[in-house]
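Structure in structure tokens, see below.
Labels A, B, C and D are assigned to the chains in the order they are written; within every chain, residues are numbered from 1.
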């Protein structure tokens, strides 16, 4: 079924209480990187700020826990540590217009089911049915491939298995991956698989431990570090398959963000996490659909950076879709518990998710 | 790749210490259902008993934690509670022939990997690669369908999802399910899905809660109980799809074992657990491959009942394959911790396992 | 802090729509064990039935998924399979009085927090704080010990560990356990620990595997079965410590419900699950606080049987408290997903829960 | 029981094959940060290098996945990225002396249990008994407090709960915490608790969500960032309780390592992960016991940095103890699967672990 964007329901600013709301107030930054008291912080929802009477400005490029700065070009969302002395920061925490700010939580609201006094199965779990999620992805991703930006967030488990690594490569080659956020481990183990057919020393197909296999990831790291970059290794022809190879072939953008677990690391890894966030944000700001698989660290990090919506050229507002695939209810709920309320959880193994998705997506 | 049975390596009874081993001793049952002191208990492995000098008898229809009774027809494995006064029970616990009993743990041993002083990834986890397990099943199941008996053990999660319920029906229709062990819940929710397209009141495709959906499973139970049996409902034509319908169409054997969680229960449910074990054992004794999905209770119960091997007509010994599919390492390890050492774990969601397996199996 | 019962807020039957509600209708049972169409099923909440104009009768001894029968003594809640031909069963599913039935979901409602447009941490998880739950139990249990009935539901993990087994014995001896629901495994491994200091062959303190330890639970079973009952073993003096011994010393009621996993089983195990439910119900109907620890099967079964409230002698209505202690969010949520909405989850290891609780409870 | 160090069993270099082993070979670094081909990488075990005939040098300050450099002062273990042009790096991967290197895996070997042909409970799980681990910690930590260095690795869950946060503070005040590795979140939520009695906006005792509580962690961050450092906030007297306060009072070393999830971050957070590893390594090199609680990221990172042993002044070799406390088997096994073979897993909630440990430790 062809995918169509849901219709955005803007708030009605012509009616009370929004009609009678005051203007939003601002206060200047007194110290680099520090917000003035009573600053307003952003959520994942569309937020409107009444700048002049009747002119409610919708934030663009919003995300969780940012602050709002008045600039000549309009309102900007910034991280606290980017605030500069003198910048004007929006104040107050009322969310219903009482201080000139409206947080619009019902923008794409689905019809709610009738309230039940008593019902089973109110929580997401491994026993929730996920058929419809797959089917929605089969409709959504071909649309996004042409009209949006599909960003993946991957833990290393995606390349620990033969079939799932192949499925991921196919998804890249077919255009269903338009950007990637990951860490050192995903890339190292993908390169290890290309060089040695192992991940952490275990064969990714036969799962036999290989003699002295614990050297493989180190040898892969040393090889790439000697070459100077992943790209240089690819150009040398040493590596001819896998996820990093497919990304290189299609010249797709990716960010490898550093973590304290990292060996090596690979030359492309951004070891400063604040710089890594900047690089990730450059992709999350473009993303219209995000699929986060088997990485609690990267999923939560991405959840912090992903807006709930985008404003398209003709002022059309569309939602950003955020899928989280994990084995544990705890991990999926953690995103919700961290404020990424709109994340859709699919509880399964990364391997199977990738295999099913790849097979189910249209080949057009 | 066509599947071939692994070759059985019998023990060498012509060499010491087995050559010089004594005969196994027996003692009579003094009280109904009670074994004599120092009884021998069976494991999942092939076990040999030296009855007369040089005549080592291999147990048939063995399983975990049984006792061995000498009967005119040979050696029988029995549960403790089936022991009758006067029956002769094999004694002693030595496993290396020192008391006339040999437990043969290396019968189908795969070549072991070289011992490593240091290695990663020694434990099964969700990050283990499972491609080869799927591929082995694609080879194994067509063989078993013709030459063995494929027994499934299913938790209700298998029918909570649209795609997986359909995949399971297809597996039944295509001959890849030859018997089923489950509980009341699997059958009730499958029937609920056929009648109302819900499971526990939630739509199995759209996952919307339905108004007063908490009545659905009760209504399904009441309907079947009124008809007198699942078969009667099927014959009436009220139910036209689903797992129970497919089993009925193909006249496949199944056991619905009772549990204290049961509502209703359905007329076919065996509410006495010892009787249920008898009925389950009738199927596990025929099983050559067992696939246990998403049920800790039923998987462990089946693990207790499943032999590790079968003796085929021409005294050929073959292994019994036992797959356990679950979301949690704890559940998969629990089988190993309960003695089902040969169980192969696949860590994923039941839904995806069924969908992938159904698609991957040959259509011949 | 001394515990006091929360005040019950009865519905106001003097106001519309309840004032104008019709009488509840009944229909006779036509077939043994089958409800008439459109029967009403009970929930965990207090439910009122208008029998004669203005006379709203509150159900007693209610529980989930029962049917309501009009009897000379008043309204009875019954399981479907207990229905007898000719009994009058309450009809209709409206819950707001529109058909003479009122389901009272706000009887002990706590003040709800202000609705937030955006909030973190809306789901129970291992990261939820549990200090207050322990403190509430320290207040509640001394009260219940004198004024209520504290029923425990235990999985075998409670006796797999030295400290937790001792803590449980102490809780029994100090009066904080007034009844127990469990299975064969809890009792067998407790007896194994008393006889051999192991559980499933592993030492419960040193956790060393013992040579041929896999015989221990079988030897324990055989010993008790030979004696004829757990009580007979206790009287013989063979066993001098542990949970079953402490229950026997204090002559506390317990139910060991059968399951298809059972070895043996012990003589006291009720192998028919419907009979086991009857025996369990005899205790759940008395329970004012239930603590279910480390058993998904038994916790869900208990959840099905436990009323949400009790009517005390002077028509005072009090809540029944239901705590569920488990390691996994899935297990805790499963109770909620099965309708046991009021269950309070504590996510931790059974061992530590028991140790902390025992130490924290007043010694008065 | 007073703790005593286990006796180290050195290899016997006077016997073949070690007696006849060649000298270890070295090759120079040709490019900054890149090891020569066939470099030797270290494990967590004691490793000996034969430098001159009969002189087997034991590595000091070893850890997983380092390379060995010959320096005037002896052999140094380095990370790959610290290698400088011209440094001499030890070569070859044989672990049994055949190339002049001996990896000593049995240095503190406990007596192994008799091999069983068949045994239950071979895997660590939540059902493993942990009493002895607590008791060993009660003996070990008072010893280490006086004679070693107790390093903690903590996830934020440790401060999400009232009792566990207090227990942790008490452990610090009583000397059982001598250094800490954590991330931004632990510190932020501890400070949030001190300022607002919440963590992520939920009360840490009553677990009520607080109105606009999602601002609390941001307000805590902004406050500390304005002050310039955690220390400055402590000196100002604004914060008077909690973990960071107790660390400050006792002037204990800690490292807050950055991650891509971080908001703020706090001024003390080291945002470059390679620099953070350096700072962490300064503490892990001193650690004699490490207790890692409720943080997969930090536990694995610490596992990479922690040696398996220390060489004490009089050439005495002692083990380093490494405990991992987590709710999931997957997390505990992951350390083992990543090579931290000696990690002892305790499966429980961080909250309960801290409460029990604090109460059980001697007050001397």
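Just so it is clear, a contact is a pair of C-beta atoms (placed from the backbone, for glycine too) under 8 Å apart; a residue touches a chain by one contact, two chains touch by 3 or more.
Every value quoted in this text rests on a predicted model; they were computed, and no experiment measured them.
Novice: Where are there more C-beta contacts: A-B or B-D?
Specialist: Counting C-beta pairs in contact, A-B comes out ahead.
Novice: Find the geometric centre of each of chain B and chain D from their Cα atoms only, then give the gap between the two centres in Å, rounded to an integer.
Specialist: Chain centroid spacing, chain B to chain D, equals 43 Å.
Novice: Roughly how many whole angstrom separate the Cα centroids of chain B and chain C?
Specialist: Spacing between the chain centres: roughly 31 Å.
Novice: For chain C, write out the residues touching at least two other chains, lowest number first.
Specialist: Residues 43, 118-122, 126-127, 200, 212, 214, 327-328, 330, 337-339 of chain C each touch two or more of the other chains.
Novice: Among line, ring, star, complete and other, which best matches the way these chains touch?
Specialist: Graph shape, chains as nodes and touching pairs as edges: complete.
Novice: For a test of understanding, state which residues of chain B touch chain C in their complex under the given definition.
Specialist: Result: residues 31, 33-35, 39, 41, 43, 65, 80-81, 93, 200, 212, 214-215, 218, 221-222, 225-226, 257-265, 271-277, 280, 296-298, 300-301, 304, 327-328, 330, 337-339 of chain B touch chain C.
Novice: Using the touch definition up top, name the residues of chain D that touch chain B in the complex.
Specialist: Its residues touching chain B are 43-45, 95-96, 103, 105, 117-123, 125-127, 328-330, 333-334, 336-339, 341.
Novice: Per the contact definition, I'd like the list of chain C residues that touch chain D in the complex.
Specialist: 113-114, 116, 118-122, 126-132, 134, 156-157, 160-164, 199-209, 211-214, 327, 347-349, 351-353, 355-356, 359
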